[in-house]
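I have a structure here, written as structure tokens, and I will follow up with some questions on it.
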Amino acid sequence: MPCIELRGVTNFACRDIDLKVENQELMVLLGPTGAGKTTLLNIVAGLIEYEGSVLFDGVSIDSTSCYLRGVGYLFQDLALFPHLSVSANIAFGLKACKTPPFETTARVKEMMQLVRIENLAHRYPRDLSGGEQQRVALARALAPAPRILLLDEPLSSLDFSTSKYLRMELKRLHREFGVTTIYVTHNQREAKEMGDRITVIHDGVLDQTGSPEDIFFNPQNQRISEFIGSPNILECEHSRDLGMGLVEIKTRGLSIVVPDDGQKIKKIAISPQDIYISANPPPGPDINRFNATIVEMFPSSSLTKIRLKVGDHSLLAEQPAEVVEELGLQSGDE
Amino acid sequence: MPCIELRGVTNFACRDIDLKVENQELMVLLGPTGAGKTTLLNIVAGLIEYEGSVLFDGVSIDSTSCYLRGVGYLFQDLALFPHLSVSANIAFGLKACKTPPFETTARVKEMMQLVRIENLAHRYPRDLSGGEQQRVALARALAPAPRILLLDEPLSSLDFSTSKYLRMELKRLHREFGVTTIYVTHNQREAKEMGDRITVIHDGVLDQTGSPEDIFFNPQNQRISEFIGSPNILECEHSRDLGMGLVEIKTRGLSIVVPDDGQKIKKIAISPQDIYISANPPPGPDINRFNATIVEMFPSSSLTKIRLKVGDHSLLAEQPAEVVEELGLQSGDE
Amino acid sequence: MVPILVFLALWEIVARLNVVYGHFFFPPFSLVIRELFYLIVSGVLADDFFRSLIRVLIGFSAGSFCGFVVGVLMGWKNLIDKTFGPILSLIYPIPALGWLPLLMLWVGIGDILPISIVFITCFFPVCYNTATGVKGVSPNYVAAARTLGASEIKILFSVILPLAVPNIFTGLRLVAGMAWRVIIAAEMVAIPTGIGALLIRAESLMRMDIIISCLMVLSVMCFLFERCFNYFERKLTVRWR
Amino acid sequence: MVPILVFLALWEIVARLNVVYGHFFFPPFSLVIRELFYLIVSGVLADDFFRSLIRVLIGFSAGSFCGFVVGVLMGWKNLIDKTFGPILSLIYPIPALGWLPLLMLWVGIGDILPISIVFITCFFPVCYNTATGVKGVSPNYVAAARTLGASEIKILFSVILPLAVPNIFTGLRLVAGMAWRVIIAAEMVAIPTGIGALLIRAESLMRMDIIISCLMVLSVMCFLFERCFNYFERKLTVRWR
Amino acid sequence: GGSPGTYAEQMEDPDSSTIPIGMAVEFMDHAACAFVAREMGWYKQEGLNISVYESYVTGMALAAAFARGDIQVAYMCLVPAINLYANARVPIKIVAGTHKYGYGLVINPEKIKTVKDLENPDIRTGCVGEGGAVDVIMLNKMIDEYHIDKEKISKNIRRMSPPKQVVAIIAGKLDAAFLPEQWATMAEELGCQMLLTSRDVWPEVQGSVLVVKEDLLHNHPEIVRKLVKVTKKATDWIRQNPDSAAGIVARHLSCARKRLMPTRAGMLDTNLHITPQTISRSMKRMVITTDLEPDVVQDMIDYMVSLGYIRAGFKAGHVLYLNYLYDE
């Protein structure tokens, strides 16, 4: 399986992108909508014009026409052939590369079982539900056992259990055959779960590439941290085990209790949505609760960002506009 | 705003469906892929044939042709008009019902701001990203201020923050205008967050309709519990506050420690994915950890369901196949 | 079927209620049928008809096929379109009258003459419609086929053409009628056989009844052609359209 | 432009290298141009040309329009298709020869006669192509428009027709050529003016040079028609196709 | 072509029957002699291997057919023959005539009494292709002879083929037409009146002629001689027994190749069909003879030049070759 390398790739949606996807790696391409993910895949697949160069195994394939690049591509708009039945759709790639018929049928059967659509073999795309279509498209992309796999939000319209099942299947396939894969998603959990590495794209620029932990614990710039919810990173100075799977963590004057996952904690990330602000003490035990001063507020149409001063930390909280109103929060409040 | 009522609605994908969506209610239609959600919406919108009858405010509208039903429908395959620019797409519904031009333009602007696509006004759908298209479709459905809103997975291809923003916006709109809404999703969190009530559909049959808590805490049948991950429901006999926001819960011989959310706990639901099985005691404090006997196992292609006997409870656990293998789990193990 | 019967009934009535000489110019259906019957039994029609049929079939299939091929190329490769498009649109409007002398010179008097005229007639509509159909195929499907490793040819045959079927058949349906229409003009020249010859003869004798009988034969033939095209088109597209 | 020049050059060469008699029946481009020039300066052509142009324009626009309307109805409402389809395919193959007597009776012998022949010619292709185009519009868009509260009419005009534009224009492009082609036949029974009449005269006088000049005029006209249709079509579809 | 007489020296080809000859024959009783000769099988007797195109080949197509050699012999009207020679530059020779006259001005008696009435603005005159056909020549001649205002007539001329003209007249869409036989007579039988015949308009005017290609004359003069001979024989026979000739022609005209076209239903509403009576009346209006005076031809040539139908005039001698006609 080749490794994919992009050098200074540029077009209407990508700006000077450099990316290296190692051999057998599953690289997750994470980014908000309109970031340029699909465009990037199209470039790798050779479907649209671009400047710069794309290399497989260090060999430039800019001049290689699409159908020789040997990529399997699951399109975001699935582009199933309307005039072919489900099985014919899946068999298309195999027929294209002259697989003997019996192998083809076997492979098609296998694929349909993999994505659990055996019963739809003779249906036509028009008569399929969204999720069924998506799975057909997945099967079609996988069938010819491509050297490179490009998956553009492959599970976006599947329910939890189905998508969970398919994620595991994809993982397994990737382990078994080590197909170099670029996996586009906008779902952080999916990204964390699937990716060997994650690269975050924003407005056609790659902001950061690294292991999931990297990305989530030290986002390298504001945009990323905002996109993944800009957690408040607290350095953990020292921690005390409370027993019963809890740890108390001291960080510059605050002590926070967190459930213990057995491993040593260095940092903790608190996402703004998880910080609740209330004027009067809520019921329940007094844990992880602090008095804070509102330093400043950034009201937006529906969410208000609030910068809090707690001890000598400054935390960023995010509250629904109406909460802010009913609490009548203002800067300087206690 | 009318209330929607389905009586014995039946067709290729729905079997004898009875459903009542109250006036101004936001009903979430939750179900696995291929369950019949889209079909149900099509029926309400009057786009496909069906037996049985659909009533708005108790009046049968089976004979009312689609364009008089006054529904706003966001299609799963967005069906944006390829020959119209984004703004023209959004304006279509307004023009159709003879809105004066200046209002139209104002409304279109408003909508585009709502879904944050002001900058794309003059683009054509072909040149939009998946998420942008979805938002255009949403704007188009909302623009004519319909009496009934049908949203088929409106946020499926949007990243977390955008979709979160839009969920809040939709909530707000719903509060303000109280449009009777059927909201299709396969995402349980979305369902929980959005729905006044949730109805679960399976193979074209409505299994259960009720408040989110209902659905998630006492699923009425196996399929639902499996779909939402069949939590193990434990009756809570009596609980003891451990302080620091923790409660210890005694339930027939087991004591489980859970974080306390301040309110009294009656039941707790443990989803099978959250039960970890290991042969030898893992590191970390010994909390919520019990010796169990494997009663039986249901191996499936990649996930194995395992029925455990713990004390006098029987719990259902779910483990990845490979875990099962490497642990060499079998029935009767300790 | 019903509409046709209505149509014929209307014809009969209108004709019967007609003005002087009306019968002559516009004989009622029943009369025409009678005449047709006589023509058939007298054996005049059969022979001419089959000769024309064969000419039409040959000219039609050859012309449509070439039109199809050129159309596919033009719709497929923009360069070819740019190249041949203008030339075709220059040649297209040349009427049979214009072609006759040249054809006379090249192929001489004989069966080839009407055949080649039918050929020319059939070529253009099929070509234009095929090109439109091919151009109309959504690029997404082509892209998908490409990523699946299908060569251009494979894409053409397994994706583009199937999706262009409706347009192609529209072209065929169009020229089926034209072929029968033009065979008359073609056979009027020098070829003493075929329905065309019979027609022109009847015309110069002002035998309106025979003329109309011949026209009816044309109609029926075109009708049959159209039917079977519809049939095939449905066979090819019904499952996904 | 280049291909056309190549084509003309080829013509010149072939003609010049031609066999005996060929030169007369297939004169080189240069000669034709000379003759054309003479015809134009002598003013013979202009008058005839404009008369034909007017006839063609009227017949063409009327015929296309009706064909368009009927085609839309047939493509839109299946019932209408089922009703008129068969009747049309019965009438379609009737050649000008068949129409002339009836037309003569109905509209008399004047300018209307050739116009109505052009009309008949233009009607069918536009009708068929429009129907195909309308049928080809994806039901999803129609459904979407419905849910947005658009009435059938509104849907037709703001969704179906725009999406059917390519087919409609194919039809127009087809008949643009046919109109010029058939004007000859049409003017065979008429007031003896117009390019058709000129052509016939030249024909019966066996003046090949005049014939080819006329044919060139036809070609150029058809070419221009096609150009401007292409232009309009691009204007209508380029932004989304 | 060379000077007359040069062909006689050509040595005769023994088996002329092997050479296939394409012969174009107009589908009207102008070609009576051809029909009769065929009926009698005289061509065969002379051992001529003739394939007849009872054709509607006109104008360019005919010229092309001649040029290519598919057609080498034709019974055709004099005017197109001259066009063929002068305009299309096909080297042909006129070797015999077949008849004189053969045209008539038929009118709608309600609207037209005298020739002068043709000037009336509401009179629509029918006419075939300008220039090519004889009728327009006749029309012009008539205009000259009877001093009619050409403008007024040509303002409302309607052009169409002879049969259509008849139809149009009886349908009241035309009021006058200069028609070739047999249509002139048919129109007459259908209630029109024949106001003038070509005899009145242009005495001695030549009708149709026998045309051969020069090559044929050059390479196989004996074939041409035989053709002329047969033609002569046929015309003589027709003159001697016109009625049986009329019968033959009538039957021939109403034949679709070997078979008679049925006429039962056809006769129900109108007597539009060719009866021997019609034909014989029609043929009585012509002088069926092979005689052909060069002056008459010359007149025609000059007249066509004056009408601008042919570019430059020429000596009738160049297109005529009458040796075989007069050497017996």
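Labels A, B, C, D and E are assigned to the chains in the order they are written; within every chain, residues are numbered from 1.
Assume a contact is a pair of C-beta atoms (placed from the backbone, for glycine too) under 8 Å apart; a residue touches a chain by one contact, two chains touch by 3 or more.
From a predicted model like this one, the values you see are computed outputs, not experimental measurements.
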Shortest contact path, chain D to chain E, counted in steps: 1
Partner chains that chain A and chain C have in common: none
Which of C-E and B-D has more C-beta pairs touching across its chains: C-E
Between chain A and chain E, centroid-to-centroid distance (C-alpha), Å: 92
Chain centre separation in whole Å, for chain D relative to chain A (CA means): 57
Interchain centroid distance [CA atoms averaged], chain C/chain D, Å: 16
Overlap residues in chain A, where contacts from two or more other chains coincide: 77
Residues of chain D whose C-beta touches two or more other chains: 21, 25, 101, 105, 203, 208, 211
Set of chain E residues in contact with two or more other chains: 60, 63-64, 67-68, 161, 167, 171
Inter-chain touch pairs (all): A-B, A-C, B-D, C-D, C-E, D-E
Chain E residues touching chain C - in the complex, by the definition given at the top: 22, 24, 27-28, 52-57, 60-61, 63-65, 67-68, 70-71, 161-163, 166-167, 170-171, 186, 253-254, 256-257, 259-262, 264-266, 268-270, 272-274
Contacting residues of chain E [partner chain D, same complex]: 58-60, 63-64, 67-68, 80, 83-84, 87-90, 124, 127-133, 156-161, 164, 167-168, 171, 173-174, 309-310
Touch list for chain D against partner chain E, complex: 21, 24-25, 100-101, 104-105, 108-109, 188-192, 197, 200-201, 203-208, 211
Chain D partner contacts - residues on chain B that touch it in the complex: 45-47, 65-73, 75, 77, 79-85, 92-93, 95-97, 124-126, 140-141, 144
Residue numbers on chain A that touch chain B, as the complex places them: 31-35, 37-39, 76-77, 129-132, 135, 152-153, 156-162, 165, 168-169, 172, 186-188, 226-227, 229, 241-246, 257, 259-262, 282-285, 287-288, 301-303, 320
